[in-house]
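Both complexes shown next keep subunit A, but they swap its partner, so subunit B is in the first and subunit C is in the second.
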Partner chain A sequence: MMKRFTSALAGAALAAAVSAPVLAASGETVKTIQDRDSLLCTGHNGSYLGFAEVDDKGKWTGFDIEFCKALATAILGSPDKLQIIPVSWAQRFPALQSGDIDVIIKVTGWTMGRDTELGLQFARPYFIGPTNILTRAELGATSAADLEGGVFCINAGTSIERIVADYMGAKGISYEALNFEKAEELRSALYAGRCDALAGFGPFLAATRFNAPNPDDFVILDEVLALEPEGIAARQGDDNFIDVINWMVSALLMAEEHGITQANVDEMRANPPSSSIGRLLGATPGIGDRLGLSNDWAYNMIKAVGNYGEIYDRTVGEGSPYKLPRGLNNLWSKGGLHYTLVLD
Partner chain B sequence: MKTILKNSRTRNRFIQGTVLVVTLGILLTFVLTTRHNLLEQGIATGFGFLERSTGWPINFSLFEVTANSPYADILLAGLLNTLLVGVLGISLATVIGVIVGLMRISDNFVLNLVGTTFVEVFRNVPLILQVFVWYAVLTHLPSPRQAISVFDVGYISNRGLIVPSLDMSALDIILFFIGLGLAGYAIAAAGKTNETLKRHAWSAFGAVCIVLFLILLFSGRSADAPLVNIPELRGLRFVGGIAIKPEFTALLFSIAVFGGAYVGEIVRGGFLSVDKGKIEAARGLGMTAFMVNRFVRIPLAVRAILPALTNQFIWLMKATTLGIAIGYPDYFMIVSTSINQSGQTIELIALLMAGFLLINYVLGFTMNWINKRLALKGQAS
Partner chain C sequence: MEAALRPPVVDTTAFGWARRRLFATPVDTIVTLCFGAVVVWVALRIVDWTLISALWSLEDGQTCRDAAGACWAVIEARGRLILFGLYPYEEHWRSTLACLAIVATMALSCVPWFWSLKRLPALWIGGFVTFVVLMHGGVFGLSVVTTEQWGGLSLTVFIFCSVAVIGMPMSIGLALARRSKLPVVRHVTSVFIDLFRSVPLLTILFTAAVVIPLTVPDWAQGDKLGRVIFAFAIFFACYQAEIIRSGMQAIPPGQEEAAAALGMKYWSRVFDILLPQAFRNSLPATINQFVITFKETSIVTIIGFFEIMASANAAVGTGEWGAQYVEVYFFVGAVYFLFVFGLSRYGAYLEKRARLTHA
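Coming up: the complex of A and B.
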């Protein structure tokens, strides 16, 4: 009975929350979050390996979760002031519009339809989702051309089928496409050696490799067949919130570019080697008050979660079980696509 | 009016006509409403997409299909794939079924036990599970580089069985079988009047077979091309020869074995249904065991078997749709992928239904025709 009463209360609270975004739409999302003293961010219904994983104690980890923590720290000063709301892929957009969540950080591709028809506003891409090739290490292949004549396992009915056909056709590489409806069959066909390679979304391949009986038997090629920029999405019409997210992503990248890590951030702040580092870490004011945040938000954030590279390595990269190569998700100076905005 | 309705014939016609008109009206409403809703949502309708190129390839087809082929081609390839695995699967199932059925009714203890075990094992395990098991077995064979060599001309690996192929196109093979059919029909027809030909019908058929084969083999080929194409390992794959893919083999095996168990029971039932009195009567007339079988038992049993067998054949043809589970590009899988890629759901579902309806109708029609030909004259069937 008590349970039913509380759930009714929760329902009422939810109804109130649903009406709240009408105010938030005029640029009040940050204020709503500050008043609530908690950020409502996206999780997953189950575990999406590497990006949003939940353990048996309900503790969330992963690349997207780290960005949720970073945003919570930037706005509220602590990574603990965060509630992860589990939503499915399909639920994420209605959940944002109804105010159940404040922001979508859930490997969400920036598409025209979502940007316009669904009423979303995307901040700058924080992850580049590549279509890669996972292949058997014993074949010694270093590029798609080395897989000439090989069998490619591909998920039937997905855009990957066309991406591979276009890419291989343009390069004049012959291959045999073996299409499976289900991811489980796809994986077991690769593990059994029925196919020489598996083409798909990079992080999915990393998880496939990790789940293999012996992960060292498989390698992900650096070659990118196609890519999809993943952005953090908020409700349309809240410019200030989008500014905060853009500068949050930029600050994480800037920290990596200047070699500021979770370990040395205190020292860097005490003795900034350059004036821009001083501005970033709040040794000299400007980074916070222009966004309506405290001047040490970037310092707090880096102290809590580290820089972009540290987050990547810890969750999906070298320091994680998945060993997804940095590839295009590296800084531009290291061959990737990420760059920082100019902090003046 | 009343008097017209009192006539039972007119009344019945009137009722039937009304039911027909109402049914057609409902169907028409469905079609028009769907069409209107689709147009409203801006979804394209019609079969224009059949001419557009697919953009995705399949790995197994009887004629060449690429990513640039139109949907019509890839759908036809899928239909042929279904027919190939279905017809071969049903043929094998029949052979296995007859053997197993005869084992089950034999007095030999060992044969009986083997037959019974076969039926109990393969009839009681779900077909999809058998498909997975066969497929797992086939894909866990060695890789092409460690392939098992069969006298250096054929290879067995997890890419399938690679065997040498003759320098003949698919068209040549189709022509060969059409020619054989015509020759068989002609010989049978001529044999009715010509006693010499009737006696040597099989030799004549064999001679036609060889001549036709040689003509097709040597016609229209470039002089330097080898007659037999022997496969060899080059890079990641075998070049030359014909590859029989594990997806195809696994599906074929499963349908043959699972179908064989059912057909075996149908055959057994058919033989057991033959009246004991008739067998005894035949023996009483002094027939040998062979004659009893040839002229009494088998003809009677076949008549009992055919109707049930038709059902089973149609069932097995529909079971080819399990190909989607292991990546065999049968008609169902091609339609399903096409729906995802083109978005033309309703048109493709209609084509899917029409395809299976056509295949199974032809199958059922042929079986019923055979059944009628065999039925005892004067007996109501």
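Coming up: the complex of A and C.
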């Protein structure tokens, strides 16, 4: 979703970074965080709907922020041992390399360029970002093919432009693109009826629908134009830190799979219904020692932020204004793409 | 003998003025009526949207959807976020006082009594120390608030003032160096100025904020906000130096030659003859530059600073208030207007004053 100009800038900054010695210590991120007793995580320069927002009192909330809290709790035992550093899209990669932040949790797509040339290491995807179509309900369209010849509002200079062109081209559907620079312009154009459909990132479409003068006038089609797996990124060469992040995401999913919630985690820990739940919550030691953390890290984390489903519902799902369906972000057993690693 | 012409009778009442200026001919009348109708219609629409149909606060169960005009409830709910950004909620009073301190310093430095080489620096050092102590804390029992958490209007005003206060002396130095009789100094300054002017501000700020930490050892980095302000100040100084230099070029060379012939020293010639006139000559362009700089402070959002534009974006970047961006931009626009209009009025006052004292 990054603009071309800012990405060019980020590229220039990173070219400078590659030619210069990387100063931030790699390989010891967890120790650095523990010594500092605080995790430096990404925020946003403004708000990013549902993922990193600022509430009335200037406190950060949102899906990405909850994962920052989860990671802080896993490593340091408390969600308050966290500093959210506001960074723009363009700034996130150089900021990670220079050590301004410890980790990028900022709806960041796992791409080959970032994984290799930019010197990042991605942990397993924690969110599957779909590109969808929002359309006027009165058109009665149920798929992109029904919108043949229609006008599509598209955010200029973003990857959405290419995704729509590729998808529609492959299916042989003709359409007329109407490009806008700012999200506000896109929305007003849609509300004013200048376009038949708006293509974009799922959560953005959910917010656009929510803010419409009458939300029932608009529907989000189930059709997925493209998927972007969003991963948590750290500096290359720190296997232990990546392990911690992978198991953090996995523990949140495992908690949901086994019905462990913020509310019943104490009970579950006292009487684990199965041995794997006992291991997860630290009733049986092992989950912490092997990562260099305390054995109750997963318990603390679930106690602080809940399981994956609870985080989702609270920030972008049913419990939030966006009401974004779980869709592909559900567990595999419920038709989604998320699964847990095996805790042996 | 010719009969003396009687002086033309001029009706000076408003009615007479209107008849002369607006309704002199049938075409005039038509044009006046058409444009008048458009102006009245637009004005009514704006008044209706901003005041008459506007919703000022939300009662139980009401939402902004119920508003036919503006929904100012967004300012009620999100106003503190817009004005203070990420600054800790309980400490907002500190940010308020700090902002007032710096605005007061700005206002005082507009008073001619402070215009001396001793008083002005003393005033600004006092203003900045007060600001930083209040904002950063760590002394007098105030809790520490790091610059990452600074935001909103206080940050915007602080960046603007710092850039202006650091940039102005720098620009005078650059302007003098560019007129230097020593070729090395003159050429190095020219290259320096041209180099900074030919790079976009965004690139300079991005480099200061993001690239320097990658290339410079930790101990030499300093605070990110400090680096950005310094880089911004250099950029400002390069433009301002050329403005001041143009003011200097306008002074006839004979003046300086005469002063030199009288035995006046270089610095005396600069401070007593060159600069006072150069400032006066370049006043309109200088005010222009200040206004541009004030508005350009919003560029720092791209490097993650929460100045007023970023906090305004944060305020509307939620599901709940996403539709109220017009109201929020209107509010921020009004804040900018207050400062920029103040600056322009002050510029006009200075020009009038210069005409009076140096007629």
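Here is the rule we go by: the second predicted complex is superposed on the first by the 278 of 344 C-alpha atoms of A that agree within 3 Å, B and C clash if a C-alpha of one lies under 4 Å from a C-alpha of the other, contacts with A are read in each partner's own complex, and residues count from 1 in each chain.
Here is the rule we go by: a residue touches a chain if its C-beta (ideal position, glycine included) is under 8 Å from a C-beta of that chain, and two chains touch if they have at least 3 such contacts.
Given the structure is predicted, the values throughout are model-derived calculations rather than measurements.
Colleague: Quick one: is A:E185 in contact with subunit B, with subunit C, with both, or with neither? Answer first, second, both or neither.
Modeller: Only subunit B; A:E185 stays clear of subunit C.
Colleague: So, does A:Q91 touch the first partner subunit B, the second partner subunit C, both, or neither?
Modeller: After superposition on chain A, A:Q91 lies in contact with subunit C alone.
Colleague: One more residue to check, A:S78. First (subunit B), second (subunit C), both or neither?
Modeller: Once the two structures are laid over each other on A, A:S78 reaches no partner at all.
Colleague: By the touch definition at the top of the document, which applies to A:N246: first (subunit B), second (subunit C), both, or neither?
Modeller: A:N246 contacts neither subunit B nor subunit C.
Colleague: Looking at A:A177, would you say it contacts subunit B, subunit C, both, or neither? Reply first, second, both or neither.
Modeller: After superposing on A, A:A177 lies in contact with subunit B but is clear of subunit C.
Colleague: More subunit A residues touched by subunit B or by subunit C?
Modeller: C
Colleague: So, A:G193: does it touch subunit B (first), subunit C (second), both, or neither?
Modeller: It touches subunit B, and subunit C stays clear.
Colleague: Please indicate which partner A:G50 is in contact with in the superposed arrangement: first for subunit B, second for subunit C, both, or neither.
Modeller: second
Colleague: Which partner chains sit in contact with A:Q34 here, subunit B, subunit C, both or neither? Use first/second/both/neither.
Modeller: In the superposition, A:Q34 contacts neither subunit B nor subunit C.
Colleague: Quick one: in the complex, what on subunit A touches subunit B?
Modeller: 139, 147-151, 156-158, 161-162, 165-166, 169, 176-182, 185, 188-189, 192-194, 196
Colleague: Which subunit B residues qualify as touching subunit A in the complex?
Modeller: Listed in rising order, the residues of subunit B that touch subunit A are 55-59, 67, 136, 139-140, 143, 158-159, 234-237, 239, 246-247, 324-327, 329, 333, 336-337, 339-341.
Colleague: Over in the complex, which subunit C residues touch subunit A? Could you list them?
Modeller: Going through subunit C, the ones touching subunit A are 65, 77-78, 80-81, 84-89, 148, 151, 202-203, 206-207, 209-211, 213-215, 217-218, 224, 301-306, 310-311, 313-320, 322-323, 325.
Colleague: Can you name the residues of subunit A that touch subunit C in the complex?
Modeller: Touch list, subunit A to subunit C: 6, 9, 12-13, 16-17, 20, 22-23, 43-50, 53-59, 83, 85-88, 90-91, 94-95, 97-100, 184, 187, 207-208, 210-213, 320-322.
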